[in-house]
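The following blocks contain the structures, represented as structure tokens.
Same chain, two partners: chain A is paired with chain B first, then with chain C.
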Partner chain A sequence: MPDSTFLDATELVLNMGPQHPSTHGVLRVILKLDGEKVIGTECVIGYLHRGIEKIAENRTYAQFAPYVDRMDYVAAVSNGLGYCLAVEKLLGVEAPPRAQAVRVILTELNRIASHLIWLGTHALDVGAITPLFYCMREREEILNIFEKYCGARLTTHAFRIGGLQYELYDTFEQDVRAFCDMLLPKVDEYEELLTGNRIWIGRLKNVGILTAEECKAYGVTGPLLRAAGVPWDLRKAQPYSGYEQYDFEIPTGTNGDSYDRYLVRIQEMRQSVRIIRQALDGLPGGPIMGKVPKVIKPPVGEVYVSIEAPKGELGYFIVSDGSTQPYRVRVRPPSFVNLQALDRMCRGALVADVVVVIGTIDIVLGEVDR
Partner chain B sequence: MAELPPEGKPQPARKAQPAGKPPAPMAATPWEDELTLQLRAKFGEQILEFSSYLGQNFLIARREAVIPILEYLKAEAGFDYLVDVTAVDYPERAERFDLVYILYSFARNQRIRIKTRIPEGFRPASAVPVYPTANWLEREIFDMFGIEFAGHPDMRRILMPEDWTGHPLRKDSSILDMDQRWVRQHLGIESGQ
Partner chain C sequence: MRKFLRKVFLIDLIQGLWVTFRYQQPKFIYTEQYPAQRPKIAERFRGAPRLNVNPETGETLCIACNLCALACPENLIVVGSERDEKTRRKILTTFTYDISRCMFCGLCEDACPVDALELTQDFELASYSREGAVWDRQMLEEGPRPTKYAY
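After this line comes the complex of A and B, so read on.
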């Protein structure tokens, strides 16, 4: 962390943000520079702090569910899944198989949407404008599916505690299969644009390296950890929602640099398509809601449940005092914890690399600040 | 739905438990395996309880023993990933706060929680020397609960404005409470409601 000697004669202090296009929201980074070299950074966050955890204590379990969508708003479905699983664990109920399969399909679609947003905006940060339009075009299809399913596009509140509120609409399977068939060639297209692109490689390769050891020390999870060569994914390590039934791989990198993170996310989109297709093939029938009491009143206790969100480990620590409102809800946000490693990744790099590093962490400030 | 609050009004800070029978305490079961034996041999009386609830293991330790336990678990038992640090406020209790450390071991694929109880004003030792992740997590606890960590390299607020007074996640801070002076000074209005 930078100390109080910010104003030495040879050092320049530069404010990046809070209103800077490449900080992806309201993040302020104070850069301590020696020429163009970064010798220290400090993140100033909290501009989007809405007190989600406090709100939770003043709402019933069901009432709080829509709020979690407002944390990582580009992956709202994942947030909802984590919360529902945590409350279900406290209650001792489980969603029926059909609901679980639908949850997997929607969550994986959302993972693709989140990665598409990341790819488009990150390419834009680095100077490639075209991928943004392509990525947004494909993401639109996902949002259309969400809209047809539950009426909302972004903050979907797609799941309910115990299962799903809505049965699938008639052409759901057709729509999702058509999307999967369409996406894979498009992903190849992105790769043609970027993977071998000299500028892209020049900007990303060996920038923001974080080794596996450093990832573990800083609690960094998700694509960053996998890019450092650790094949760790909660969907495999501690499966939930029936992920153990699906056959998929965990893409990993070797260098732990920004370029590997890009490759990992591209591969993850393909793996998500694989999971979605399997889930559609084996989509079970039956009810979509488990046996959940009308008034949700879990017994006294506490539970920590986490899922693999597109950004890393998203955890909910919920304490129940036996009433209808949670006594405490703690959200373990992947973006917040991953952002902490920014300083480690930026030291010694150039100012322009800071943009790349912030981009490849893939933060959403709504989740950092909650 | 039956649970909706009255029209649009935020609910009061917290409803008192309805009179009658209080809810049953947490139905935790004892937790015993190789790891608990190791820990008991090493720390003895410092660990008050090994329990398990819904298949999740946790231990309750004396507050002085937390950092040595974390060091031991990291070095000897492979718990190399500090998932989260958080706190829970029980204002009616003499030892007001629960501090909760969630650890994960990649090698064992196992998750455990370390809990301890601390009174108001107590300054627990920082976990930053053991796990660098704890830096921002402890700053957030300081911001939200007012628990100061001894030996933390950068003990400042992280989410709330620097000159804010009060700690929002304490139970005695209602959602309607705010720092009126701050709102008046920085936003130029009488109330943010």
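After this line comes the complex of A and C, so read on.
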């Protein structure tokens, strides 16, 4: 940002955050304004930096697994899956089919939970308070399933390298099926509340447009890319953990604006339910833990594994020097990359639209700062 | 024409309000009146740690093998032991567990070969001082004693 802006009478520099209702203490956006119009933005991040990548260098492979849950804390299971898959690839082992199916069920449940949180908070930012309560209520059911399965609600540590630690509890299938049956009518209810609502359309339509070319140029992934009309989903493009067995569609939008992203995420929840039901129907028996040595000591080498997290492509790059601790762990978080496009989306919009755009990216700052 | 009427009579907004109105019945109340109403904790919940003792003799089950301390990512477990001269066995003397640094990942209970260390369903771990968060062997064996509220 040029230095002259502070003395220039026509342009105003405004600090949005870190204390701001829609950035809650962890993101600061410096806005350059011309009246109500945004000319430029600059993000200041690092308020939630904990040095997770550095911590990895002082922990064994198994010990680092609980830490990855703390990056994207609303989708902790996806983080754990990505890390476990990366270490498994490094070791050259694969989880047994039963473990893979259970992983898919839990990850898809977590995708729904993440999208519910997004829907609730995004609607809250825009001014609709009711959806938040309803979304939290449905998310509670997912968290109860997590608690019964692995003993924690948010930072689950559900998966271990090579498979699973816990066998399914007795009423797991029943609980998940009941949840699936319960969720679909509720999603219709959210749509009833929001999709046709003139205020919601007025605030979201044609706000924060990002075309397919711009998405590719910025490296933006996830629902933002799909809302721009690119059917790119790593679950289909490079299936992992047995996703090739399941039949589902990739919802896409056309305009690439905030409203299309909303529709894409709503559709993704329905598709997730479809995947969960298929996984439950074909749940194989057998062991849940692969052949993993007690002391995990991968051979020298490096590996990159990426999965489709609720927010986009989540990648783990792990370098092993042959010891029990990783030499380097680098995380490619979806939110960090998607946040880059904030400036492009905000330019020319109004100040009130900045809140909408921050919400529509679906950022979790734990993941941006790590 | 239909679109115009929908717009004039605020149909889209009323549709949304009707959803909210449907939830006015008292049976849709989801709020839990904690602490008067206790939450149902899952069996596998990972909460306060406990060092199990043999219920008949009162002796500790811990064999002081130190595996939990090695498994812990935060290095918060300290196991003290001494060797019994007669039986040549390790005997547990002290055991401290720092709750304030624990993230309840469950790696210590997975590592325990005799199921002595266990994460229980207790979740009320607040204390008035930092020292109070460091649990010694007695505290781990007897469990925390949270304040009981009269209602």
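Throughout what follows, the second predicted complex is superposed on the first by the 361 of 370 C-alpha atoms of A that agree within 3 Å, B and C clash if a C-alpha of one lies under 4 Å from a C-alpha of the other, contacts with A are read in each partner's own complex, and residues count from 1 in each chain.
FYI, a contact is a pair of C-beta atoms (placed from the backbone, for glycine too) under 8 Å apart; a residue touches a chain by one contact, two chains touch by 3 or more.
All of these numbers come straight from a predicted model, not from anything done at the bench.
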Applying the document's definition of touching, compare chain B and chain C: which contacts more of chain A?
B
Using the touch definition from the top, say if A:63 reaches chain B (first), chain C (second), both or neither.
both
Quick one: is A:245 in contact with chain B, with chain C, with both, or with neither? Answer first, second, both or neither.
neither
Could you look at A:278 and tell me whether it touches chain B, chain C, both or neither (first, second, both, neither)?
neither
By the touch definition at the top of the document, which applies to A:337: first (chain B), second (chain C), both, or neither?
first
In the overlaid three-chain picture, which partner chain does A:147 touch, first (chain B) or second (chain C), both, or neither?
second
Could you tell me if A:294 is touching chain B, chain C, both of them or neither one (first, second, both, neither)?
first
Please indicate which partner A:196 is in contact with in the superposed arrangement: first for chain B, second for chain C, both, or neither.
second
So, A:230: does it touch chain B (first), chain C (second), both, or neither?
first
Let me check the overlay on chain A: which residues of chain A are in contact with chain B and also with chain C?
59, 62-63
Chain C to chain A touching residues, read off their complex
7, 12-13, 15-16, 19-20, 30, 41-46, 71-73, 103-107, 110, 119
Residue set of chain A touching chain C in the complex reads 59, 62-67, 130, 137, 140, 144, 147-152, 155, 157, 165-166, 169, 189, 192-194, 196-199
Going by the contact rule set out above, which residues of chain B touch chain A in the complex?
1-5, 10-11, 13-15, 17, 22-28, 53-54, 56, 80-84, 86, 88-89, 100, 102, 106, 109, 111, 113, 131-133, 135-137, 144, 153-154, 157-161, 168-169, 175
Chain B partner contacts - residues on chain A that touch it in the complex
1, 45-46, 49, 51, 53-55, 57-60, 62-63, 89-90, 92, 216-219, 230, 232, 237-238, 294-296, 299-304, 306, 313, 315, 317, 319, 321-325, 327-328, 330, 332, 336-337, 340, 369-370
